[in-house]
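Consider the two complexes below, in which subunit A is the common component and subunit B and subunit C are the respective partners.
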Partner chain A sequence: MAQRQTPSTQTPTLLDSLGEEIVRIVAPVSICMFLVVILVSVLNSGDSSFSVSSIATIAYTETTSDSSWDKFVGALLNSLAFVVVVTVATFLLVLLFYFRCTGFLKIYMGFSAFVILGFLGGEVLIFLIQHFSTPIDCFTFLLLLCNFAVVGVMAVFMSKMPILVTQSYLVVIGILVAYWFTMLPEWTTWAMLVAMALYDLAAVLLPIGPLRLLVELAISRNEEIPALVYEARPVNVENLDPRVAVARRRLWRDRRATENSNLRGDANVNVDNALGLGANAELNHGSDSNRNDPSLAGEGAVLDSNLSSSTSYGTYSDRNLVRAEEGRVQETDSEVTTPLIGHGVNVRMHSRPEDADASDENLMLEGIGLGSSGAIKLGLGDFIFYSVLVGRAAMYDFMTVYACYLAIIAGLGITLMLLALYQKALPALPVSVALGVLFYFLTRLLLEVFVVQCSMNLLMF
Partner chain B sequence: MTVAAGIGYVLIALGPSLSIFVSVISKKPFLILTVLSSTLLWLMSLIALSGIWRGFLPLKTTSWWPYAILILSSIAFQEALRLLFWKIYKRLEDTLDAFADRVAKPHLFLTDKMLISLAGGLGHGVAHAVFFCISLLTPAFGPATYFVDQCSKVPFFLLSALIALAFVTIHTFSMVIAFNGYAEGNKVDKYLVPIVHVIAGVLTLINLAPGGCTVGIPLLYVVAILTLIHCGRMVWRRLLTENRISLNHS
Partner chain C sequence: MEPPQSQPQVQVQGNSNPNPNPNPNPNPSPIQSTGGIWPTIDGPLGLSEEESVSYARRFYKFGFALLPLLWAVNCFYFWPVLRHSRSFPRIRPYVVGSAVGFAIFSALICTWALTFSIGGERLFGPVWDQLVMYNLADRLGLTAWS
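This part shows the complex of A and B:
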């Protein structure tokens, strides 16, 4: 008797694994935005009489009684001041990195993570306790907060933590900073978003841009930049043979060189590269002895249980690695494992909002890129600014929230496509922020009237 | 009417689509991306429509024909968009097949293509529900509720949630019917989908009359159920013929 099996249960088709990397980045960005929107709508139900003074309001403090022109000029001045501070901080960072003070940078990173989680997190928790009138005493609160902050610092800087904990803490840091930014006055927030997007564009693409210098320094020295970066699937580097880790980074550069020198007349190839985002070059742990062994792919597959659906990609990437090590990169396979190279903005950040004086704001973010393990990396600053945009939209109405969310995700997708296409450092902010701001104003001015008019008469289509 | 009622309205409008999402779409990342992009496309069409109509709003007439023009023009625009969506999907399908050849995987099966069209339809439906119903639900989470004049027995939020549910069904499954119709060249299916959309839109015009919602909404559900049945029959027929072909070949 003939057995009838549906095709999809027999073999895993293309649909099962394509686009997985993109979804793994879109999911935490969505969670971050969603939680910021919830926080904003819960805590800001009254008018925000709590005004925050910081670098971003150093030039002008907005009050509701000023005229529109005053607010506009004030917002421009504020954002200009902010961008200037950020530029100076980034150049300082480049200088420190150039003089190899990585130890100092790492300690500073840990300190800022602790301050964000401890003080900002504590403040948000106090707001929540006030709002919901939760009975809790201060000793318990302090104990829990301290533990939370310390575990967070350890999660962010030690790679022995479970991946989920590290990723959750990074998202929490993003949420806290984004919430704090939404407390800035409205015009300043929008002006700052646009200014940061333009700065991102300039700093990454111009030859004198600090971020471009930083990225080139890091690649030429074969080091990782110490930064708060969300990696979609970080690999435990300590388990690997150091030679393998170094070889992988070198491969990355070599492959970039060979691919740039190869002619790409075929338009299909570029689209395939974009689709090849699903692959990752992660399955190359294992011993250094017999690299030609095809069973290495199997070993890699066993080592990482997450990659059960993409083991087939692993085989290709492994063979690719072997050939690249021997100096021959085949064109056909490289489409599957196209590395996305792009490190974007690098600005460092920490903030102490309880301080009435203007606090220093240095944001360490990195745009979209490919980690040395092959997973997509997205800088925490991008999380933060996306969430600030959506949080600000939430302060107006939920329709703008949905529109801005879709616009930002679309921008993120477009940026990833461009990254695969151009194979060089690209900033992650400009496209998404541009689309987000555009959709916000379009929704607020055009869509809302239309939809409310139709819905109130129960007319829908 | 409190948070519980608000969540209830959200689930009425989006419950079935949530279950489709969790059970079918979340397993394949490509389908999640398809849902997001079709939602975005629908939103862009809605913004374009509101841009065109902005000069005429708010309509202060009590007669029904300006609203009829509004609805008919919007539906015409959206059906044109569906055609565009199909053209884009055709190009994507060729690219995906070529890519599948390169990585030595099988070409897209019929079930895969149907899943993609289901995801596209779900995106449209969710966009409709979100922008016409959910985004107006913010007051429903508070202590009071709201009634419209034409239908003063039922809270407005419940009405819009019910209508949204019907439209989610219509959008989701008519996309499957439409893509299948374009693929097979089946004239019946190709023209059925815009007609169903127009009928559904025109049925909501009945809601303009006082007390009209008691007639309009059940009729809308009849249309939705008919769409569902037609889609089910069509899918069943295609899968049977496909399996018969593959059994004959093997």
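This part shows the complex of A and C:
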């Protein structure tokens, strides 16, 4: 009897599985950037330079009348202040995690997410309503906003929800925070991006870096850090052994740690080990971000640092987070470990802590990780800073948007390759932000002149 | 004498499943229903059947707190339950209840919103200006970022 191998029954090649995984992480990053660009171009077309006051502008308030040198120095001071605040917040987070205040952290994160979705989302919606003069009444608006915020908090933190819903809400949170950040003054934004990239590099790679400490702490305790992490779907679930599929299903967001007590309960810590084996764990560690929302304001900034651990969204607190990637070392079922490594690559990237401005919310944002099971996790802070870069580029012209988008995606690809090469936690921000900033300035200074001249003389474009 | 012709064996799964979802587990496990499909839309990454019952019930009950979006998420999450009407007898009442609740609620909200936006001032009088969102936002200063 001849057997025919249909494409669906063929063993997926490295290209299929790796390519699919990468697409599943590049797609939401692209969607986030695209929507931020749209928001920026729609809402800022009036060019009302709205400047928000937050921690990032604490040292210097940029006005258009200052000289370039003043703006430059002011921007440096602002970004320095911002990085200092983030560092302090991260160390605070490490301290809280060390004293096992995870309940408090989770509640705080839930509260932050509610404030972001409710208040920040409400502000953006009001801007849109005013811009388009939509005749919506306040009762309907409030009802829809409350629904949106409550379901969002449930999806991200509290309850198991459809993967699509959770991923969408994470992207929405990224969009809202990124839009808010684009309201900062221009020089401060660029200085802040560069400063955060450097901070990320230091915090992840230096032995005294807070993120590294956090990750090691989480690994040693085998606990999970609550965090806002975007997790892509694992590939190749259908081709797995049924018991593996079951175990994977359980791993993927298992909220009831009960039957998985052998799995480490909540830790997102995946320890990065040598490849190929169930024993790989990726460490994802989350970045904490403090988000300060001045609109809520007023109150003093409550900086919370939330550590985000690498796991997938929402499951924290004693759940086994997505461990799909890992093949879970602790999983006693051996079936779970081996087939999950589709391509034998276990890489992890760590991204920088996300820090927000002065308000009270802290987001826990996580780095990027690539699980052995193929589920990639990317911290929300990465989404936010990439989108801030592209949003700020959109405030100048669309040409810079294209250039910065390509630069960021290239940086993401390079970081993934480095991750595969070094097999340890790497920061996801530096390469992309470096390329993005470089391309922005090159485009603005050199390419634009060229393109405009060519177009004016009807030569090209 | 020829042996009886047997039908050429086509690919056979463990259980005869009329449904299109491939059953990854040829031996029905307590996790799946006997129909061999997963109760959630996430498939093998979603919930088991027992967990599904408790989640469906919880979403249904919380939806009564003026959260029609939760009912909609409930229907979306347990879409296979709605599609295959005989497979999950325990989950089905909650999901169908959520669908009905969402339909009613969204009908009410749409009616009210459309009346408000299309009727406008002619229907409501000066109250319309006080209720519409952009005026309210201006009056309360909601768009001042700080």
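Here is the rule we go by: the second predicted complex is superposed on the first by the 304 of 461 C-alpha atoms of A that agree within 3 Å, B and C clash if a C-alpha of one lies under 4 Å from a C-alpha of the other, contacts with A are read in each partner's own complex, and residues count from 1 in each chain.
By definition in this document, contacts are C-beta pairs under 8 Å (C-beta built on N, C-alpha and C of every residue); 3 or more make two chains touch, one makes a residue touch a chain.
Every value quoted in this text rests on a predicted model; they were computed, and no experiment measured them.
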Exercise for the section: Identify the partner contact of A:P135: answer first if only subunit B is touched, second if only subunit C is, both if each is, neither if none is. Expected result: second
Handout entry: First (subunit B), second (subunit C), both or neither touched by A:V150
Key = second
Practice task
Once the structures are superposed on A, label A:I126 by its partner contacts, choosing first (subunit B), second (subunit C), both or neither.
Solution key: second
Practice task
For A:D70, select first, second, both or neither according to whether it touches subunit B, subunit C, the two together, or no partner.
Solution key: neither
Exercise for the section: Could you say whether A:E186 touches subunit B, subunit C, both of them, or neither, answering first, second, both or neither? Expected result: neither
Exercise for the section: Determine, under the contact definition given at the top, whether A:L406 touches first (subunit B), second (subunit C), both, or neither. Expected result: first
Handout entry: Shared subunit A surface residues [contacts with subunit B and with subunit C]
Key = none
Handout entry: In the complex with subunit A, residue positions of subunit C that touch it
Key = 8-9, 22, 24-27, 29, 31, 40-48, 51, 55, 58, 66-70, 73, 76-77, 109, 112-113, 116-117, 120, 131-134, 136-138, 142-146
Practice task
Spell out the part of subunit A that touches subunit B in their complex, as residue ranges.
Solution key: 2, 4, 6-8, 11-20, 22-23, 26, 268, 271-272, 275-276, 278, 312-313, 316, 332, 335-336, 397-399, 402-403, 406-407, 409-410, 413, 439, 442-443, 445-447, 449-461
Practice task
Could you pull out which subunit A residues touch subunit C in their complex?
Solution key: 1, 50, 52-53, 122-123, 126-127, 129-130, 133-141, 143, 146-148, 150-151, 154-155, 159-165, 183, 233-234, 237-238, 240, 242-243, 245-246, 248-249, 252-253, 256, 294-295, 297-298
Completion exercise
So, in the complex, the side of subunit B touching subunit A is made of residues 27-33, 36-37, 39-40, 43, 46-47, 49-51, 53-54, 57-59, 67, 70-71, 74-75, 78, 95-96, 98-100, 102-103, 105-106, 108-112, 115-116, 128, 130-138, 148, 150-151, 156, 159-160, 163-164, 167, 197, 200-201, 204-205, 207-208, 213, 216, 243, 246-247, 250
